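Look for subunit A in each of the two complexes below; its partner is subunit B in the first and subunit C in the second.
Our next item is the complex of A and B:
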């Protein structure tokens, strides 16, 4: 099993510890990853797609064409990249658009065929690696712990553009199942699919409104689930729920703290990988949780 | 009251000449929002839109109504279309296959041509052209090295040839006409 790892901007530039967690876990699970050398920004929604459709599709097509040259499908850990590339791939099934884009790509010696598919890392783990292989590689268990999951909007909608789909994206199951596989309980809560408020531009245009999403979400999680920690499938949600939670605490709007993990971080810890290498940056301390897993969780 | 969609006070309504009424629709179609014509104002998109309830002036179906009425100028300077988080819920639930997200983005493209662009978007486009990424590097190289990663990702950022491709692509689209890209 081989995939082209499309990192995007956020993970390598802002949370490289997530990159480590991806690079360390996947190969141990039998997934060979290759770098898509020379890639660029997907391009994120607030950049080229907001200005011109041809520019967006050409840059996305260029990124996908790098995977095509390597004969691999793409796996990405960033929901934003996942959605931009998936939308582009869907639109480029239209022959007229594809021809137009290939005329632009011709100027830089590239060609888009539409052969490589786009997957989110959650999809690769749940639908390609699978339960059995994952379980074989676990050294620690989250037994007795309660986790609130946050899959993130962009890997749920619209299902028509995706190659791996949730049965009902308004009741997402894939991330929940992956968390429960590690031994934790992951109950449903009413705002499980609610947006984290860290959209491409809302945070920059109106921070107050963006933070309100986090507040609503945290209150719902605390009251309905009261978890030991939160696990996200999206790197943007991960940063937003962690950092904005800390800001809300300082503003006196939240009186509790819930640590936040990205799925491959908690997976890495459960697989016995050195926690210090996969959990390095963050606002709400995670040491307690990591300590509890390492102390009592050996399978 | 802030969630109620009210129409009416626009001065444009009075001045709008019948022959220009279809222009905004044609414009939105041209920029990728062809579905707008199919909107029946059912409100499904608004019922699932995470940002519709945050109090911006022109949430999805209200924007679509104005476009269909031929009103353009009133919304042109408004940031509402830029608030969309591109989550895609509206595409999933729309019974008429409008693809509301694409209409929002088409309107952004119109706004961009009228220089009504939030600074965050302009900066993102400029960074994409200059570095191949929209997030600037802020000294993460040391930590990356410490974590056993390459100092820079193996992207266009560390490859002048690939960066040149990104610039050539952008230069060969309508974005080049917007006066945002650097001159070099």
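Our next item is the complex of A and C:
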């Protein structure tokens, strides 16, 4: 099982501990990671895709063509990259667009064929690695813990562009199942599909509005689930829920704190990987949770 | 030959693009043309008289009209020929509007040249025209009405009262259709069953109307005046001649043999033995073998004896006071076929509403998200709650109800059309809620309120005054809260912000669409379906109840979304159209049908396998010396010409469009005056 790892920019530059958690867990689960050398920005939604379709598709096609050269499908950790690349791949199924893009790529000596599929890391874990292999590698369990999941909207909509689809994006199952595989309970809450507020740069434009999304989401999570911690499938949601929650606490708008993990972080801890190497940067302290997991003892 | 060429300006529709003067000069130069005239409107009375006079005066013995499509005015021009004593088939039309001036507006020179070719082509064909005679058939004076809803019932009663024999075929065990499920209907808020029940009784007792319920159309052959229809009467496993509709069998049928009740839109249950609704006409019991649990292991066609030698009877058999239920008979599960000779057909098969399951964003798994038709059952005194407004999940009264409009309508993902009746029935339902339980908060989420028509805008205003909250904006989704409450993620376009409402019950106004079995029926009948997925009328303004086939008419929601009054109006129009068509004893049809030459026919039979209308058959010779030839049935041949082109020995020709005529037309178009095949 080989995948081309498309890290994007956010994970390696802002949260390199997530990159470590990906690089440490996947090989142990039998997934060979190939680095896509020379990849560029995906390009993220607020850049080229919002003003120049040709430029967007050419840049995305160039990135995907690197995976094609290596004969692998792409796996991303970032929902933004996942969404942009999937969308580009979907639009490039149209022959006219593909020809146009290949004329542009010709100038840099590349060619887009559309062979490599785009997957998110949760797809690889749930649909390729599978339950059995994952369970074999677990050393710690989340037994007795309650987790609220946040898959992130770019992994859910629009389903038609995706290579792997949720049956009902309003009731996403994949991340929930992965979390429950670790032993925790992950009940549904009504704002599960609700935006984290970091979406198309609201965070940069209007902090108040952006924070309102986080507050609404956190209130629904707290009231309906009251979890030990939150697990996200999206690195942007991870940063937003963690950092903005801390800000809301300081502003006195929330009286609680719920630690936030990225899925491969919590997976790494459950697999017995040194927590210090995969959880390093963050606002809401996670030590308590990590301690409780480790205390529960090896299986 | 003395051909008259008549060029129409069509106001300026043609003359703006085609140079009429140049065209006239060109036509004058054509061989065999004796008269060329033009007119601002060739379809006017004055032009008609001009043509007639030319014929009477002996100037012209065949007519070429250069104007619009023959679909528009061919009959009108033919009447001029007839009035002058000439065969009406000595007419040829060159379409220089739809096929020339309209598509070539920006290329005037080219259009003029093309018009010349079209006229030359028509003149060449006109030279070979022959005076044909209409074919006449007798008409079977009976009508088949398919669909026993309010539309079908209305049309049947109108035709029955005019003295025609009517067969009303309904696929459900009872007539009445969707209207029997409704509580009250706008604009008067009168009781729906009070409107439809007397009509159901009347249609069942009318001496000229034969009700064939629980039956479907198997196939249809023939054409206007002489359709041959085979109807499959589905197996009810109950002898309807004996059944008195007492319902005793339905009460003893065990509750484990049950399925969601069709009449209550799945909100209740019905058993394997059932009477479809309290209003059922005919009021007869039906047995559903898919649901039956075979009480006492007694399957159909078997007898079971107890130890004492007595025959064992199932509860339903025992309960029946008239012996209508007998499971020891080997009933044919296929039912029976009824053959009918029919003059004309009215299709009034109605509609279905989209299922809520399609709309994942609206939490379809919640029992408290229901369709408007289900809510109609909740409001109805004959429904599962006996008219009390309760939530299906726990049978408790809701504190707040949201209505969501345009679910599947006006939505590029599903149907782009407006379902037309939803706005008003939501207002009606909201109003009924407020009248029964004013303390319930009611929200209506609409893209916009569409209430055109008599008394309907007033109905909307009155409804608003009852304190109903109308929020203009599309609903993005519904979230289920842990206590089962539903959070509507709406948008208020008037203040431009997202709004959220928490309610206990959501009613979705799902789109009206044509059911799949109606589509199959349309294929059997050979009528068309339009781009919105409904049955297509022949002309959107002029022929709204006629299908593209003569003698087949459409009425009601199968033609497009409609309210009750519009459906009734259309059904009455269809009945009148049928009556007008059948008023004469004979039907006259155009003689454009295939002719087989016995001399040339080799009896190979290729044409028989290709004929889409089954109009051809092999006629065996009377003795061995006489050869086999193909015979064409005058009534069923539609003149499509497929057999003509397939015949290897050129034995078949199409009257009015024979090889010489068509070759002449093509030749003239190409500038080669003589093309032979």
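By definition in this document, the second predicted complex is superposed on the first by the 298 of 299 C-alpha atoms of A that agree within 3 Å, B and C clash if a C-alpha of one lies under 4 Å from a C-alpha of the other, contacts with A are read in each partner's own complex, and residues count from 1 in each chain.
The rule is short, and it goes like this: a residue touches a chain if its C-beta (ideal position, glycine included) is under 8 Å from a C-beta of that chain, and two chains touch if they have at least 3 such contacts.
Note that the structure is a prediction, hence the values are computed from the model and not measured.
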Inset, instruction - In the overlay, answer first, second, both or neither for which of subunit B and subunit C A:190 touches. - result: second
Inset, instruction - Using the touch definition from the top, say if A:40 reaches subunit B (first), subunit C (second), both or neither. - result: first
Inset, instruction - Once the structures are superposed on A, label A:154 by its partner contacts, choosing first (subunit B), second (subunit C), both or neither. - result: first
Inset, instruction - Using the superposition on chain A described above, determine whether A:48 touches subunit B (first), subunit C (second), both, or neither. - result: first
Inset, instruction - Once the structures are superposed on A, label A:144 by its partner contacts, choosing first (subunit B), second (subunit C), both or neither. - result: neither
Legend entry - Partner chain in contact with A:169 - subunit B first, subunit C second, else both or neither: both
Inset, instruction - Report for A:19: first if it touches subunit B alone, second if subunit C alone, otherwise both or neither. - result: first
Inset, instruction - Give the label of whichever partner, subunit B or subunit C, reaches more residues of subunit A. - result: B
Inset, instruction - Check subunit A for residues that touch subunit B in one structure and subunit C in the other, and list them. - result: 169
Legend entry - Touching residues (chain side subunit A, partner subunit B) in the complex: 7, 9-10, 12-14, 16-17, 19-20, 23, 35, 37-41, 43-55, 58-59, 62, 83, 87, 104-105, 107-108, 110, 153-154, 156-161, 169, 194-195, 197-202, 204-206, 209, 212-213, 277, 280-281
Inset, instruction - Quick one: which bits of subunit B touch subunit A in the complex? Just the residue numbers, please. - result: 31-32, 50-51, 54-55, 79, 82-89, 91-92, 105, 108-109, 112, 118-121, 124-125, 127-128, 132-138, 140, 143-144, 147-149, 153-156, 159, 161-166, 168-170, 172-175, 178, 180
Legend entry - Residue ranges of subunit A in contact with subunit C within the complex: 168-170, 188-191, 193, 224
Inset, instruction - Would you mind writing out the residues of subunit C in touch with subunit A in their complex? - result: 360-361, 363, 477, 479-482, 487
